[in-house]
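Next come two complexes, and both contain subunit A; in the first it sits with subunit B, in the second with subunit C.
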Partner chain A sequence: MRKKISTTFNSLLFMFPSLIIIGIFLLYPLITSAYLSFTDYNFVYSIKPVFTGLVNFRSLFSDTYFLIALRNTINYTIVFFPLTILISFLLALLLNSKTRGVSFFQATLLLPIVVPLSLAGVMFTWIFAEDFGILNYILGDILKLPQITHFWLAEKETALNSLAAVGIWKYFGFCVILFLAGLKAIPIEIYESAEIDGANSLQRLIYIIIPNLRGSFLLVGIWTIIQAIKVYDQVVVMTKGGPGNSTLVLYLYAWKNAFEYFEMGYAQTVALFVGALAFIISALFNLFIKSERK
Partner chain B sequence: MQYIIKLKLSNITIIVIGILTSLIILSPIIWIIFTSFKNVKEIYTIPFTIWPKKVVFTNYLLVINNLPEFPIYFFNTIKVTFGTILLVLPLSAAFGYVLARKDFYGKGIIRSTLLAFIAIPFLVYLVPIYILEDILKLLDTNLGLILPYTALNLPLAIIIMESAYKELPCELEEAAYIDGASSYEIWLKVLTPLVITSLAAVVIFTFIAVWEEYMFARTLMMKTLAQTLSVGIPNLKVEAKSWAYGTLSAALTLSLMPAILIFVLLRKYFVEGLLRGSIKG
Partner chain C sequence: MFKRFVVILIIIMLLGIAITSLSYGKELKIIAEAWYFDKYPLEKAAENFIKDHPDVTFEWSKTGDFEVAPLMLAWSRDNYITDIAIVATPAEAVAFQAKGLLVDFEDILKGEYAKDKWLEGFLSDCTINGKVYAIPTDGEIMTLIARKDYASEAGLTDANGNIIPPRTLDDFYNYLKKLTIKDASGKTIRYGMDVNWSREYMILTYFSGIQALRGTIYDENNDLDFSSKEALNLLSFWRRGVEEGLISTSSLVDHSGPRNSMKSGLAAIMWEDHARVVEVGKVVGHDKLEIMPIPDALTNGTISYCMSLMIPKTAQNIELAKAFVLEQFNADWFAHYLMDNWGKLLGLKKPLEARKNELVWKTVSEILENTVSLPHMVDHARLVDIVTTEIQNMLKLEQTPEETLANIRQKSANLDLIK
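This part shows the complex of A and B:
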């Protein structure tokens, strides 16, 4: 008992600076954030937040723009999530070998992770540009397919998908690495016994690799869904939510409420909605992983 | 014999696919780098050239001479990145150590709070931190980014360090304790040298997180004087100042190079660091 008190005191010294920083910049903001979402607080006109109860939460689902943002985020996820998983899984299968040079390819696949998404946005704005953009040049002038050239970022039909392409470019290499880690963890004996039983590659894929990669699929799946919910950087740089709100996503809508309309209370309600969504997904994932380990 | 041929063929397929995908991935970056060495006329001439007809450095000279913002963005990014790493590294190591090795009151609650913080997206903190920094007069200062970045990255770093210290055998600590070493000495001199790989992992994922952070940087730093590369370079486009592809490609190349160089030199640690950081939502 006495010893535990003195250990507690001693440990507190080790944790003290971190606790201060976390307290001021995470815990306090989290508490204010919860409070703000129940208030009407215009940062320019209001002197201080006015408590309004559940008004913000109720207006959320009758707010057309919020629903547009929710739909766009879902549409983004529908493109980003399956493509990232499919591409990275197939590449991981191919690169899961001891061939020399494979580690070099793994490194190049991972390189986009150090390219800031906002700078990738600048790069791709140029690549997608109507004139002097290389994508239209390749499609129209080299492949002679002018019918599939687009004003990629200026057309409602292609803008969101173009943003998803940037997201896939940035993140799929990382997913390859996650899958490869999972593949390496499959014991080699399983492959060998399958070979003796005469299983062909497809059978090995369906009966051995995929079931043994459950954990990796979960990890990559949840991770990509959360990245999709959090999409923001390239949207701001490339389209700013346009054309005609076709790329207005949840993060951007929360940000705009706060820093364009200065409605801090309502912005925080939107942010909490997004936060709760991501939090629930990660929490479910952690539960899965825990039950898996037991 | 047949088996060897089959194996060789598949190796070649793997290498071909590897080269092709690497090319696709790298092509945007290669395109930017090559363009930065072309003269302006060549950039705007169709058909496009890939390799510059004549290598010129005019675009780089333009960035250096006519873009006084560029060095500001660059050094702000460096200061903020290294400032954050210098805080996160010792703080997470100290915290992770007591969390792994000591039995104290409130440990369970502290640990679950940290895990909850890891799962909450940064957006939730943005507005409150903005209001807070407005009061504390931290807006438009380097410290105004370093402190929130430190706070946002600490929980994950602490959990990574905790699991690193947990893996070490208890005997080490007991032996040092008998020799009369204090907890501080045990932490710094006996245990920490054994968790260098985890410390490297923490450095790597903090580096990536801070280097590319856009939303906080954009919101909290409104003045050019305080902005970082990830915010400043896209703004050049808005101000129409250098949205000429020549200067832009040179500025982009210069902004990307430090991180790419670090990545190439330390790529082994990047894989490790990212794998350990992958639990972040």
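This part shows the complex of A and C:
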């Protein structure tokens, strides 16, 4: 008994520095942020936060701009989520083959990961430019398809999708790694048995690869949804939420409330909403993984 | 013996510390938005200041554009992080002063720096409740900048080769038609004009048009004007220009769009601040550009705005900071350097008056006569967002000018817009 207590005490002692750091840099800001979301607090004009209960949360759903931001974030997710999974899965399949030069392409596809998203945003702003952008140049002057050229970031129909394209470019490399890890983990014997049974490529894909990659799909799926919900960097760099409110997303709206309108209380409410969305999805993921293990 | 040794050692250490601190003198800490370090001769100003004040040293630090919150936090907690903050606009100074965080400059605005020696629009922009809490660092007026060579080709210049300014919006529309070039398919290859409708400029651009056309930015009820006939005419003119491919919308996603259009010859006129005439001139040639008043701006003026510097109450060298601001930051050489290299004005009238024989500065002076600055507003940022969103929606042809003005009135009805 004494030994058990001593072991627990020692464990706690070793954990203490980490707990202190987590407490100061994670729990304290989180609790303060959660508290502020229940207050009316203008950073500039209020003397101190005034507790208002659920007023901020009720305001969310009558706030036109919040609803626009929510709609845009969902629309972004609808484009970003399936395309990232599809593109990265197909590329992982290609890179998993034993073709010459595969390692070169593996390295190349990972390059976007090391480019900061803010820098990529500046680069893509030029690529998407109406008059001198390389995309319109390729479409209009090289492919002779001027009818499909656009002012990509200034048109309501294309602005959000252009931002999603930048997000996909940035993140698909990481998803390819996750899929590749899953593909490498499939035992070679399964493929060999399937080959003996006369399974063709499509049958191998449907009956062997996809079922065995369920874990990877879940991981990539949840990760991409979270990336989509917290989209911010490329929006700030490329459109600042415009034109009009076409690309106003949740995190940008939280930032605006905090640092442009100085409404810290309300900004925390928006941020908490985003955090709650991400948390719910993560919890669902954990539940799913646990049920899979059982 | 040992005790005596320790006492002597302590005395020597204390003397050392005292001598060291005396020899260091005073350190002036200055924090500025990063771009100032590229455009402003800050180091030379510091060198000059040190010649007159040999005991002073400088410590510079950079901050991002409009990073108000970190400074507000630090100053609210009585932290000394800087003696001078060259950040943001006087609109942000209002936010700082709402918490009583700034030192006023009233005591030094005397003699050659008396209030009447400053350009009125800029100094009034820096005045909060009757006291000056900021000093203009980058004064500009909203105007048109036009390509003389294109105007000449279109027959819009006088015998001296100077552009004949359009007198009305209808005139202006005809100018744009003459200046716009389209290819066989009807695609615009050179726009008559590029207007800065980005979030950073929208409210300035809109009210510069209103001030020029009406001579005031207020309506009959003394509210900001989103209802007059001129407001409707201005929006209709813009929308029509965009719809017909005469005006570029490059600024909807990039606030540098108009200047890039001018530099690359994609636009014949830009509607932005006057300072761009120097920046664009470096690329296309100064002789090819002219500042052109917005219709009626010579009579009614336009909108001026400025960036500013502030001294927080937590500064440790307030008098020294004020001395640096007057002796170097507002020195003639500093002002002329900025005018020559970046087209920017400082607050004092003298440098501008000395250059009135040059066409660019003569026109700027004339427009400045009746130019006003925007009022300080608690909900400035919200109004900017509303006006930007609604006018951008109109420019995307999603709504009419009438609907645009109605939406702005309705959405800004509950804002705190102090005049």
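Assume the second predicted complex is superposed on the first by the 269 of 294 C-alpha atoms of A that agree within 3 Å, B and C clash if a C-alpha of one lies under 4 Å from a C-alpha of the other, contacts with A are read in each partner's own complex, and residues count from 1 in each chain.
Note that in this section a residue touches a chain if its C-beta (ideal position, glycine included) is under 8 Å from a C-beta of that chain, and two chains touch if they have at least 3 such contacts.
Everything quoted here is computed from the prediction, not taken from an experiment.
Contacts of A:Phe259 after superposition: both subunit B and subunit C are touched.
In the superposed model, A:Gly221 makes contact with neither subunit B nor subunit C.
One of subunit B and subunit C touches more residues of subunit A, and that partner is B. Legend: residue contacts after superposition of the two complexes on their common chain; A:Asn245 is shown touching subunit C, with no touch to subunit B.
In the superposition on chain A, A:Thr125 makes contact with both subunit B and subunit C. In the superposition on chain A, A:Pro146 makes contact with subunit C only, not with subunit B. Applying the stated contact rule after C-alpha superposition, one finds that A:Val44 touches subunit C and leaves subunit B untouched. Overlap of the subunit B and subunit C interfaces on subunit A comprises residues 43, 125, 132, 258-259. Contact residues of subunit C toward subunit A in the complex are 68-69, 72, 95, 98-99, 185, 187, 199, 249-250, 252-254, 261, 264, 266, 378-379, 381-382, 385, 388-390, 392-393, 395-396, 398. Put simply, subunit B touches subunit A in their complex at residues 10-11, 14-15, 17-19, 21-22, 25-26, 28-29, 31-32, 43-44, 46-48, 87, 91-92, 94-95, 97-98, 102-106, 110, 113, 115-121, 123-132, 147-148, 150-152, 154-155, 158, 183, 187, 208, 211-212, 214-215, 218-219, 229-231, 233-234, 237, 245, 248, 252, 255-256, 259-260, 262-264, 267, 270-271, 274-275, 278, 281.
Against subunit B, the residues of subunit A that register as touching in their complex are 4-5, 7-8, 10-12, 14-15, 17-18, 21-22, 24-30, 32-33, 36, 43, 91, 94-95, 97, 99, 101-102, 104-127, 132, 134, 137, 141, 169, 173-174, 177-178, 181, 219, 222-223, 226, 229-230, 232-233, 236-237, 251, 254-255, 258-259, 264, 267-268, 271-272, 274-275, 278-279, 281-283, 286. Residues 43-45, 125, 129-132, 146, 151, 153-156, 159, 238-240, 242-245, 256, 258-262 of subunit A are the ones touching subunit C in the complex.
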